[in-house]
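Below you'll find the structures, each written out as structure tokens.
Paired with subunit B in one complex and with subunit C in the other, subunit A is shared by the two complexes that follow.
Right, the complex of A and B next:
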């Protein structure tokens, strides 16, 4: 168990490309941290600098409060699980797991014991004599994890370990990793581009974009209060809907509320404490609303207080069983508006829907993409 | 490929049989000639069947020094074996290390090193034979095994082939080994060498035959009969001045010279073909 501290960590490649621009993070003991972001956001680079496979250009990396910048990967007491497993093809499963221990001159009987323990934990006991080639994808994945476990390291690093598996196996292995991590209580850093994986696995989540940390927090905190438009669009599936909006002066609206005008003509009342946003009055803002937070109104039911009404036309329906996704057209909006409906709610294409946005569910982002804090 | 056409089957077998005969016939004629007395070869048409001398010529060649050479064929085979093994093993050791350095390590002038090795591919031994001779002579290595082996011990071809193979090894495998605490030597020994086993076997066969068949270089630097190689001696046995060429001895020596390469191929065949066709990854 270990804490992991990153202080102004920067990475610049010899060709001048800056992959990481000053990362500050603090991971607690036994936490499972997921780093998520689109391709090229620097998440793999970050993981590789943690592992010691890439040099740190600037800043400090501490494991348990000890600076490890200049230590070789093997000396950092970490273990890594790679995307393509990176098993030694000419070695048996047993030797694959034992190799790291042998290099550390662990006594033979201890190797034997640790490997059999790990094999048992992962259900690999029967396969110890096989070569990686003779294993299925899921089994290889387990061996790769076994190789990490037997070392009993301070930190586990996972580099998109599930992306080579098929969808069903991925869900299964995801649960297994989670269970294993909770059981072994080893601080883990897990990199993925899959936001579902990120949400389900993480104790805390780091969303990265272009070498910066966009937000760091629990999955639900990121879901409920995304710090930026980028995080809002990345976390949650299907992605959040974004609508252009203009904030109108409170005095022009109803009483003390500021109102948000949408291009389609709808208006959304905002709460009084949103006066901090004086500076953005009359500027173009972005209103974000998640597909699951758009409420469908029956034709004759009244609009809830403070809510804005959107009249949309259904273009496409995707029934998923439990839910139905409706892609709708909204006047003045090029992107379709996605609405998540109850699976029992029957909608037909070309049908008109009345949707309501409640202020509490709306997210507001400034022109720079940052969240305007007091929107809810 | 398999086509369901009986005619094609017959035709292809015929072609194969003709091909085999074409290759086998000269060997057979050499063999049958080697089993005759010298007189038979000069008084008769070329013999097609085994003669009365049987294997006497062979025994005689292996045990007694050949008059035109001053050494028995056993010594010649031994010398050739030392040279071929030395060249093959030396080339493999050097190429493995060179390719390892070029592929897995980052150092200044890495590209330059590679290209320097690569362009020597295009230079045959003959081009640099005079300076090489001078160097070997200055080092007092004329008429020695070292002189036979050392100048031929570096191989651009082998380095290049191994480099190509090493480049197909996923970077993650290297990194996994690094995290597992394997230093450069251990990575080479535990992971790279076992993985390139088949490639090395194939290279060994090719390089062994290359070394065994060396003619010009051993011819140049050996004058002492103790360091004669078998391929060089073959030619020397044909130049007998005024006497008759002892064809029975020449053909027997030829067949003996063919032996070790054939054995090496048979022995390494399994790896050899695997190494040329696929790579186990």
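Right, the complex of A and C next:
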């Protein structure tokens, strides 16, 4: 168990490319941290600098408060599960798992015991004599995890460990990794580009974009209060809807509600933080609303207090069983508006829908993509 | 779908050029040699007499032949192991170079384009007892170099020249083999606490074993047959037969000594020896290299 601290960590590759621009993060003992972001945003780079496989260009990395920038990978007491598993093809499953222990001159009977324990835990006991090429994808994945587990390291690193598995196995292994991590209580950093995987696994989540940390927090904190438009669009599935909006008629400092005008003519009473009002008044802003937070109103039911009404036309319906997704057209908006309905709610294509946005569910982002309001 | 006329003769026509070349330049001479090995020809080549195994018996009972066989073994394994070890070392170094890697590789591949006789002459000049640079340097550390008189030194000289020539070939294959090993395997081993030396011997080297095996076969064949030009240009088998290999002896007895029957019998024996060596390598070494 260990804590990990990153202070203004920067990485520039020898070819001059800057992959990380000053990362500040703090991971607690036994936490399962997931780093998520689009492909090419620097997730693997970050993980590899933690492992010691890439040099740190600037800044500090601390394990248990001790600076480890200059330690070799072997001296950091970290184990890593690689995306392609990186199993030694010429060794049996047993030897793959025992390799790290043999390198530290662990006594033979202890090796035997630790490997069979790990094999038991992962259901690999029958396969110990096989070579990696005689295993299925899921089994190879387990061996890669077993190799990390037997060493009892301070930190586990996972680089997209499930991306080569089929969808069903992925869900199963995801649960298993979570269960194992909770049982072993080893601080773990897990990289993925799959936001569902990230949400379901993480104790805390790091969203990365172009070498920056966009936000760091619990999955629900990120879902409820995304710090930027990028996080808002990345976390949650289907993705958040974004609408252009203009802020009007706020009386400065008076604490009165400002009004948000949408291109379709709807108006929404919102109270942004007073300090930012000056800079955003009459500017184009972005209103974000999640598909599951758009409420469908019956034809004659009244609009809830403070809510704005949107009249849309259903263009496409995707029934998923438990839920139904309706892709709708809203005047003044090019992108379709996605609405998540209860599976029992019957909608037909071309049907008109009355939708309500409540201010508490709305997110407001400035022109720079930063979150503007706490949306009371 | 296009329609192809599948006349039974077409494949044969397409293969004919290759078959003719192999037939004329390989099978026919080989058959001639085998036939010749069972005859003794008179000095003028006018008549010949079937003598059964006489040629073989006389070759094998000749002490000089057994000496040559021994020289060939020493020579071949020195060349094969030396050329492979050096090439592997260079390939490992070149694999780590990032900047200017192509320049390095080009220079390292160059010796392969040099004709064997030219390679021999090059080394001959370097080591020439009166003109060369190296004997002068060697005398400074107390070594008296003269491969015209000292048989061991002569053997060392042809071994060096042959290694130098073959190293490029091995280098190309080892480099390709190294680059085919996924980087993540070595990274995983590094995280598993294996130092560079241990990583090389427990991961890289075993994973290169198919390449090494292939090169071992190719290098032994090279040392047996293709070093003729190097030897002929450098030492001509001397002094006193100390650099005479089996192939060189075939040439000496056949073309210089005009003893065609004996020469042919030696060719046949040579074919058998190489065949057996290759079989042994396949049977015992290849089993270990599969994973």
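In this text, the second predicted complex is superposed on the first by the 362 of 376 C-alpha atoms of A that agree within 3 Å, B and C clash if a C-alpha of one lies under 4 Å from a C-alpha of the other, contacts with A are read in each partner's own complex, and residues count from 1 in each chain.
Throughout what follows, a contact is a pair of C-beta atoms (placed from the backbone, for glycine too) under 8 Å apart; a residue touches a chain by one contact, two chains touch by 3 or more.
What you are looking at is a predicted structure, and each value in this text was computed from that prediction instead of being measured.
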Note to self: Quick check on the superposed pair: does A:100 touch subunit B, subunit C, both, or neither? Answer first, second, both or neither.
What the structure shows: both
Notebook entry, point to check: Can A:121 be said to touch subunit B (first), subunit C (second), both, or neither?
Noted result: neither
Next item on the list: Identify the overlap between the subunit B-contacting and the subunit C-contacting residues of subunit A.
Entry: 51, 53, 72-74, 78-80, 82-84, 86, 88-90, 99-100, 103-104, 147
Notebook entry, point to check: Given the complex with subunit A, which residues does subunit B contribute to the contact?
Noted result: 170, 172-173, 175-182, 186, 190-191, 194-195, 280-281
Next item on the list: State the interface residues of subunit C toward subunit A in the complex, per the touch definition above.
Entry: 98, 182, 184-185, 187-195, 198, 202-203, 206-207, 291
Item checked: Interface residues, subunit A side, partner subunit C - complex -> 14, 51-53, 72-74, 78-80, 82-84, 86, 88-90, 99-100, 103-104, 131, 147, 151
Note to self: If we count contacts the way the header does, which residues on subunit A are in touch with subunit B in the complex?
What the structure shows: 51, 53, 72-74, 78-80, 82-84, 86-90, 99-100, 103-104, 147
